[in-house]
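Common to both upcoming complexes is subunit A, partnered first by subunit B, then by subunit C.
Now for the complex of A and B:
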């Protein structure tokens, strides 16, 4: 049996503990927990303006699920993930492996690949919008094509996906590089005596050894892609004929809540998006048992 | 054998240089375009270099947007977000790692919950709070959602956990109370992590677009990111001016990055990775 009585020193320690976590916990209650509950509640309400709400049950959700624009945005978001996550990860792993060889200026290359991370996405999106420009853009001139990258419904998401991969590949590569550097060289030496080829080594040693890093990059990239907003906001606008074909869930959330002012409906969209993210993350955590190895 | 490893190395260099060109080209293109005239920027075939390095578009964009204000607002936003994140997260991180108190497990669960939820789910109510306080269009509104950082708490807790218990005990025996042990002995040992958290917080506050757009609609209270969004809304064909604006908005952070490369890369990657 533990006694409830604490010594004076233990009591002082406890008081300090509470005092020191107080700002954070109070902050989290005000800024996160209460808003979280409110968002769930307002998703069942109609916004009457000026922060006044009326309870309307599941009306927002039935409206949402019968809205084609909403399903299109959901599809665009999923499609964006499909375009960015696998390609982004393969490219990042490739860059990380290049940087893991004995090259000169390794730090310089790393600095260059990492550069987009410190640039505001708004500025990055601006220059890419110019590069992708259908009439005068440099990309069409380099490729000798005549594609309306951003205003054509079939390429709009692809264009944003390219920018997203370009922005994040250096960051993901640095994370994977840390994993690669932790692989003991002796593993490869022992393996090459066995006469294993480079490609087999990649699949039997490299991938299993960095699977924890690959997994954390995968989760991070998926969550970020599901929430894509600023690149789409900056690369498109209301006059873009491909708007409906490129807007993501978060963009639709922004427009519904803060442009149209329909905060109840906006809350329903954000709840849907967060549920999707949690679902995808759970599936990944369940699936990791099949390919992630922590115990080598 | 030697030959093949030599040509292998050449391929590695070639690929790295190709990758670097792809990474740098958009920035160069931004730079060159910003000095062109509008007709020049639209010439086909495109010219790479501007015919002259005229600063006209920079003058124009400085008239269109109050850039000095935007810089100042962004600095204030970053400054207050960093101060809050470092101060409150250090205290809480230390307490969660080193102190015994009732409710610790439950309170830390709240921290973890906040971390796993996307921030957009809090946006509408956060905005309504700011509006109710009559604080829309202020610097405080910009800082508001970042007053505490659950991520910072989680990250610094890891750091404090890695500091051996003996150090705290020695300070305690020397007569320090818990606060003095934290403030005078433990906190100074976390320099690298605090620097990482600072860079991480600063880069993300600087790049954030949605929140500044929501709470502030007065251009004199905009951040650089939100300012760029307005600039694009005003004019969609004057690309040289848009490029000049983007370059001005990017420049401070890029300069800091080039000075503190290692700290930036390790700071951002180190905090995000694990």
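Now for the complex of A and C:
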């Protein structure tokens, strides 16, 4: 068996290392890991009130899997991801490439695209709520339509998705822009001497070169979309006839845990959502080997 | 430099973090936290606290407003971690839940040294029911009482040539007036939006139905009186003169009325003073009336009311945290809040109609400074047939589930008859579960 032998100086250094990371470790444990363990436990319990729980086995899970509202919320969440992630990423990449070209007022444009991120999400949702208003909203005025964006079951998720993409596109674009600016100009020069067109350049140079940035944006955006809650909370309420058709898993969790007071059931929803995110993330990490290039 | 073991490092950091939250007042006075949810009532509450601290200079009361939407989440979390505010407003829907878990101080004997039967002598039965736990003891000092009235736009009635609502108005008159106003002005008539206390509850009781039976163990949505009233109320959205629920979700009945797009809606007495202040453009154009009565109420033994009249009345109370460190002082403060003097201060500030019998009219004082006068009499007269807000110890559990079904009925995804059966079953099941559990 090997024993660790460290000099006195190295030991001191190691101890100081522990002191330095202690706040983070304590914070991580108190704020993340311990609550997560508790959530797993409460998902097998019935909440009696004021933090008193009774163990009821897998009752919450069987209730959950036999509840149509739950499956509808799962589908809504997936549909929301489908609507926001690909569209959001393509738009972000497009904006990033525009901002990377030689245009006037480039700094001004970058600020404008980044602005939504500076706005408070609650304020953003309030303003969009008015834009989408079926009676007096500006969107219907411009389009000349009479669509009840937020209260029609078939457009409700779309409306939330539009706001979500609008809010996130600037931030994603800035991340991608950083990736774009790291691409050496010489690659493009060599490529065009070889006779490649702009489109070919995009797929053979740009995409592979920024694929690590694209990958991290993809992971972040997908996780954020699967956890969507605040926009729905702000843009809708319980009397909305389209509620069942737009509520996400996290919104259902909020209503179960904090409105109906059924925290055991709410915890089960959370565990289900975490499992979904875990699964999707694992698939992504497996998939990145196929398309993400870290060294060229 | 000395060696620092790992564990010491952790302990030191933990101590540092703890030190950050250990700040406290040190002026030798007793500091109390008083939590409420209505910003509009803050000045009134502060006036009462000032009157108390004038007599007790060693006490400082800090009134804190937490919005209604997060009030109960925060209060429950505080109760779990034993950090509840010393004094707080308690709502009827939640009182049993908190009281049954021993979170609220028992105030039944608070006034024994003042007068025997103090509560019964000075507060109405509804007020006292609102403050009672399942064991029949009091867990709060009654604060105020309210009911709901019909708010109407006089200008639109004039334009359509319809007489203003009077004491004999029935649902039929309301429907008739709505149609005429819609035809004459193009504005909406009665705004029948999805709501309980400001919506179908009153209609159900007016029609001889009930939400909860007398011993509050079973629901009556699908009983004849209830069913007929629910069909009438929900059905109004089918009429041309009433917007549908998709409209109300986006615009709200109040906003529609005050922007002069609708002629009538039901509003709580607690909102009226604010409405007068915020809508000076409507001075002279609006007034309030008693709720219209049911034309043909169903007559059953369970019916609480037989002549078609009813309104829903609720009242809040002041409660103290049972395990509070300064419980003695907190109890003394809420004891003062329940006196005639304090209730008069509350009334005159316009905060709410005081619960203390005989001081109700003091609420009118707050209205005197405004030139435009509305028919406040009807609010006070409605207390004669007011019905206590329906609730039981399982309310926090069934309320949101029942609301979901109502929403589905409005959305057209649920037949009304089977929906009412479902709502009844939800309430009965949750209530039975709760009664069996405790």
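Here, the second predicted complex is superposed on the first by the 287 of 296 C-alpha atoms of A that agree within 3 Å, B and C clash if a C-alpha of one lies under 4 Å from a C-alpha of the other, contacts with A are read in each partner's own complex, and residues count from 1 in each chain.
Convention: contacts are C-beta pairs under 8 Å (C-beta built on N, C-alpha and C of every residue); 3 or more make two chains touch, one makes a residue touch a chain.
Predicted model only: the values in this text are computed from it and were never measured.
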Once the two structures are overlaid on subunit A, check if subunit B and subunit C clash or fit side by side.
clash
State whether A:216 touches subunit B only (first), subunit C only (second), both chains, or neither.
first
Considering only touches as defined above, state whether A:237 meets subunit B (first), subunit C (second), both or neither.
both
For A:88, decide between first (touching subunit B), second (touching subunit C), both and neither.
neither
What is the contact status of A:258 with respect to subunit B (first) and subunit C (second): first, second, both, or neither?
both
Quick one: subunit B or subunit C, who's touching more of subunit A?
B
A:131 contacts which: subunit B (first), subunit C (second), both, neither?
first
Taking the superposition as given, does A:16 touch the first partner, subunit B, the second, subunit C, both, or neither?
both
Which subunit A residues come up in both lists, the one for subunit B and the one for subunit C?
12, 15-16, 18, 23, 51, 133, 135-136, 237, 258
Parts of subunit A lying in touch with subunit B, wherever the complex brings them together
10, 12-18, 20-21, 23-25, 27-28, 30-36, 38-39, 42, 51, 95, 98-99, 101, 103, 107, 109-124, 126-128, 130-131, 133, 135-136, 138, 141, 166, 170-171, 174-175, 178, 213, 216, 220, 223, 226-227, 229-230, 233-234, 237, 250, 253-254, 257-258, 263, 266-267, 270-271, 273-274, 277
Would you pull the subunit B residues touching subunit A in the complex into a rising list?
9, 12-13, 15-16, 19-20, 22-24, 26-27, 29-30, 33, 41-42, 44-46, 87-89, 91-92, 94-96, 99-104, 107, 110-111, 114, 117-118, 120-129, 131-132, 144-145, 147-148, 150, 153, 177-179, 182, 203, 206-207, 209-210, 213-214, 224-226, 228-229, 232-233, 236, 239, 242-243, 245-247, 249-250, 253-254, 256-258, 261-262, 264-265, 268-269, 272-274
Spell out the residues on subunit A that touch subunit C in their complex, using ranges where they run on.
8, 11-12, 15-16, 18-19, 22-23, 26, 48-52, 69, 129, 132-136, 148, 150-153, 236-244, 255, 258-262
What does subunit C use to touch subunit A in their complex?
1, 3-6, 9-10, 12-14, 17, 73, 76, 79-80, 97, 101, 103, 193-195, 245-251, 396-397, 399-401, 403-404, 407-408, 410-413, 437
